[in-house]
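Structures incoming, each one as structure tokens.
Heads up, the next two complexes both have subunit A, just with different partners, subunit B and then subunit C.
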Partner chain A sequence: MTLMKAYLRGLWEGKFILGYTLLLSLTLFIAAPFLMIALRSVGKGWFGRLWLPPQLTLDWYRWAVEVGNIPEVMKNTLIIGAIAVIVSTVIGIFAGWAFGRRQMPGKEVLMAIILLPRMIPPITYALGVAKIFYTLELVDTYLGVAMAHVSVCAPYAILVLSATFEGLDERVLEAAGVCGANTIKRFIYVVLPLILPGILASMIFSFTHSYNEFTLTLLTYGPNTVTLPIRTYLAVGDGYWEITSAMAVIMVVPSLLILAMIQRRAKPEKLVGGFKGV
Partner chain B sequence: MGAGNDPPPPFAAAVQRDGMTAFWRTHQSTLVTVFLLLPALAGFFGLFFYPMLLTVILSFRPEGHEVGWTLENYTRFLADPDGRWVILLTFILALGSTALSVLLSVPLSLILREKVRGHQFYRLMILVPLVIPGLIGALGLLLFWGSRGWFNLFLLQFMPFVQRPVAVNYTIHGLTMFYVWLYFPYTCVTTMSALESLDRSIEEAGAVSGANRWQVLRYIVLPLITPGILAGSVLTFMAAFGAFSVPLIAGGNYRPLAVEIYKQISIPIPARWSAASAIAMIMGLLQVAFLTLYMRFVRRGGGTGGPR
Partner chain C sequence: MTDAMIEFRDVTKRYGSLVANDHFTLTIQRGELMTLLGPSGCGKTTALRCLTGYIRPDEGRIFLDGKDVTELPTHQRELGMVFQSFALFPHMMVQDNVGFPLMIRNLPKDQRQKMVAEALRLVRLEGYETHYPRQLSGGQQQRVGLARALVYRPKVLLLDEPLSNLDAKLREEMRFEIKEVVTRLGITAMYVTHDQAEALALSDRVAIMNRGRLEQLGTPEEIYEKPQSRFVAEFIGLSNFLEGQVQAVDRDTMAVGVGGLQVTVPALPRIGPGHKVLLFLRPNEIELLRPDAPAGMNVFDARVEKATYLGDTMDYRLTLGQGLDLRVQSDAQRRFGPGAQVRLRFPRVRCWAIPGD
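== the complex of A and B ==
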């Protein structure tokens, strides 16, 4: 509504007409696919040249839950995501502390090497990961799929956390020491509150990555570890657009919630570094 | 650890422990650093380096064999006109969508810089394609631009000269547009942050000196934000070059490298791992080579400011 009002006001004032036209078409460009998915997921008998579905129904969601086995799939996705988040955050905390707070020769080079997976298309190392996991029989286990996700999540966790730890001011710690806090107290009351936002950010990044990850999952999943993106992909292959749309809605809502949650805290530039399983 | 090199004297255990303690004292800092880096290094070698190594080795093996060396996997793909077309197609899609993203991002960030009404909403809007899975985006785009989607409905009902639905899905321009939808935020966000960190007084100085708005934009603003734009476009290019899920479901007959790799191990029985590995190596090398060239170009003088 505000949008329409702003547009009309812009027209009225004769300024920014071009600008608002561009913004409005951008909004349409980005939002229209979601609208189509949402409408398709509740529409019934929507054929031919109709702008809106003639009947509304929730049948497709029922089908998605019953036939697509969404609760089971959701459980898989969450378990795999949790393992991937824990592993990559632990890796990130250790390596981030080393990169952010400790002196070492060749730090830049080492960091560049460890962050190398971001430079290479995931499918290239996904092949090798899949091959190794087949021999180790890690394919189609929660641990295996989660470890495959770690290869994508961990570089981002390291990146975010080393920036966080680097920003930690030594003088604050010294001040706490002077005021009589011992190491444990200093850690709990001073260090932890300062680094917690960074750790949370890294966890959210990692989880979103794991949640969206498609390439590596496709090469390591099995019947017991179908995740949401894979389930949606399989449904696309089956050709039932309505059910696929229902699954897509179920899948996209948490992503948008996370975006709404973090958009006030995190700067968009940081988001660009993260996200996307391609 | 390393102190055990001397020939073991009597009371070896005690001396060794002393040696260990001394070693620990002198190298404590290094050891802690190494210990902290250990999980990351393990992850790197286990989940990236060793898989890549395996892919390299596999790409030189004859198909389905564990021994022997051959270049056949590479030569077969590169000699095949289809193979070369796949490489060309990947570049067309990636470069096309990168260029379009830049064309879209610059005006957009110029507008949003003016803090127009609801600019926060638009900023959030731009981030949406980043956080949703590419698969879902592709699905929605297919629905919207399809022959029964709203785009064609609009054309058929309001454009008198359009008689039949316009084909967008499964065409090369459609695919490029889908890529733009998914990957332009990388460029846009970096461009916006470059614009916001720009000092307004420079522009005012230009305006005072008698430059009109267009000249200020052309000769002052654009050169200054070029490094930001280029840095963002690298991200878009990388994402578009490695795109997999989108062309997989929305590509139709257009299969870029990533999809071609997957086809090699998913369609033929038995799976052709060596061929897939060879294509993967070609893809990785092309991306690294292109990025190196691009970075060099950016450093050389893609803008007066240069990247920090």
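== the complex of A and C ==
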């Protein structure tokens, strides 16, 4: 809306027309595929020749829920996401503490190794994970798929929480000690409130990555662990574009909710840094 | 039992080959404001942190109010501390910051509120109870720090360079404020700083540290007027150092030959003719006279080499005798230009000598 207003004002004032036009085109270019899917998910008898679908319907959503078994799939996705979030954040807290607060040799090398799963092509990495998981019989289990997700979520959690712990002022903890707080009270009253924003940010990052993860899921899922991205992909293969579109739209909803939550409550970059003192 | 409140006994702390505290021994009396003064790396912060329990000394014991606290964890030592970086809890309002030590001690809420209000009144911060630290200026934050340190009336108040993060004007103001609060409460305080002006203005006694050891201990006057080593003299202010040899000793004065001049200074115990000594002269304590001023004891002719205008004072570089350089600061009312002939008078009592090597 703001962009639209700015564009109109720009037109009105005859300034920046080129700039705003380009910006608006880019926005449309980014938004177009999603608009297309959104329209298709509610359109009936629309074969793409007209500008708008001739008839609107919610049937495809009913089909997606009933035939596509979306509630079950959503449950899988959320359980896997929850496991990935918990495991990644716990790893992130310990590793972040070490990276952010300790002077240790080979810190950069270790960090590079941890970030490696994000650097090599996902399919290469996923193949290796799948091979190991078949041997360990972790394929088609919640834990297995979640652990595969952890390999991409944990690096983010570690990055975010390293920054959080780096921002934690040693002197403030010392002050709490001098004030009479023992280790447990120091943690409850000082450390925890100060790193909570970072933990939240880490959880959000981990969840969105697990929720959106496709490649790693593709090679580790089974009949009992179909997630939303996989379900949607399979539906494309079946050729039902309308139902697939409905699924795709359903899939976007939680992401948008999280985005709205972040935008409303806090700036993401602020969450990462936590309280920086003054 | 003496009236010692804090006692460092042979405290030694090493970091690898670096000795931060080398058999550091110091006693601070009850109700005294003691300053640990020294350049960075002299071990004053290590000593402080040994006292808070943040680091454990390798050797030696630390006593607090007669009790050996060397092994006691920080939170059981009943200390109050003000930090250079303020170290306030950024997620708590001023009242919760100040009330934190009371909350930790499970004091009832109404009593807590009363004590917090009292502490905030002490540092003149009434009305800021619900502000967050980031909403306050540096000076105000440090006052919150002071209130937090004092709120539960600890046995000892520790101040770790509390004014270093403040601007010059505020620093001077806060200096008196801290002094006043500490005096009013009669609390024992240990103040750590590298700023000699702060140390002299605040302290009952000053302990000058160098390379992990106590270099000199004394009242600000003793430290300023009778430094016992070149290190102290250099650290405590600009000084002229003149190496000389004792020529004659006459009861309470002695004559020292310095670069062809004979300077009369107070005598030193166990120093006789032939001993080498080091003379200290403060640039602002040398009298600068006209060339036609009457001759006398400790009056010498000199030549102005360089004159710098500093506003209220003039800073001169002078040469005299056989190649002696002196720095003299004098009133800017009377000025001499480069090349001018002048006479200098060294006030006898202001000429301080220590045994040379």
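Here is the rule we go by: the second predicted complex is superposed on the first by the 255 of 278 C-alpha atoms of A that agree within 3 Å, B and C clash if a C-alpha of one lies under 4 Å from a C-alpha of the other, contacts with A are read in each partner's own complex, and residues count from 1 in each chain.
Everything that follows uses one rule, which is that a residue touches a chain if its C-beta (ideal position, glycine included) is under 8 Å from a C-beta of that chain, and two chains touch if they have at least 3 such contacts.
Keep in mind that this is a model prediction, so the values were computed, not measured.
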Subunit C versus subunit B on the shared subunit A, clash or fit after superposition | fit
Considering only touches as defined above, state whether A:158 meets subunit B (first), subunit C (second), both or neither.
-> first
For A:86, decide between first (touching subunit B), second (touching subunit C), both and neither.
-> neither
Determine, under the contact definition given at the top, whether A:181 touches first (subunit B), second (subunit C), both, or neither.
-> second
Should A:171 be classified as contacting the first partner (subunit B), the second (subunit C), both, or neither?
-> second
Partner chain in contact with A:74 - subunit B first, subunit C second, else both or neither | neither
Touching partner for A:102 - first (subunit B), second (subunit C), both, neither = first
Is A:121 in contact with subunit B, with subunit C, with both, or with neither (first, second, both, neither)?
-> first
Superposed model, subunit A: greater residue contact from subunit B or subunit C = B
Please work out whether A:193 is in contact with subunit B alone, subunit C alone, both, or neither, and reply first, second, both or neither.
-> second
Superposed arrangement (fit on chain A Cα atoms) - minimum subunit B/subunit C Cα distance in Å | 13
So which bits of subunit A does subunit B touch that subunit C touches too?
-> 275-278
Of all residues in subunit A, which touch subunit C in the complex?
-> 169, 171-172, 174-182, 185, 189-190, 193-194, 275-278
Which residues of subunit A touch subunit B in their complex?
-> 2-3, 6, 9-10, 16, 19-20, 22-23, 26-27, 29-37, 40, 47-49, 51, 87, 90-92, 94-95, 97-98, 102-104, 110, 113-114, 116-117, 119-129, 131-132, 147-148, 150-151, 154, 158, 208, 211-212, 214-215, 218-219, 229, 232-233, 236, 241, 244-245, 248, 251-252, 255-256, 258-260, 263, 267-269, 271-272, 275-278
The answer for subunit C against subunit A in the complex is residues 52-54, 73-81, 83, 85-91, 100-101, 103-105, 133-134, 141, 148-149, 152, 158
Listed in rising order, subunit B residues that touch subunit A in their complex are 29-30, 32-33, 35-41, 43-44, 47-48, 50-55, 58, 104, 107-108, 111-112, 114, 116-118, 121-137, 139-141, 143-144, 148-150, 153, 156-157, 181, 185-186, 189-190, 192-193, 232, 235, 238-239, 241-245, 248-249, 257-258, 261-262, 265, 273, 276-277, 280-281, 283-284, 287-288, 291
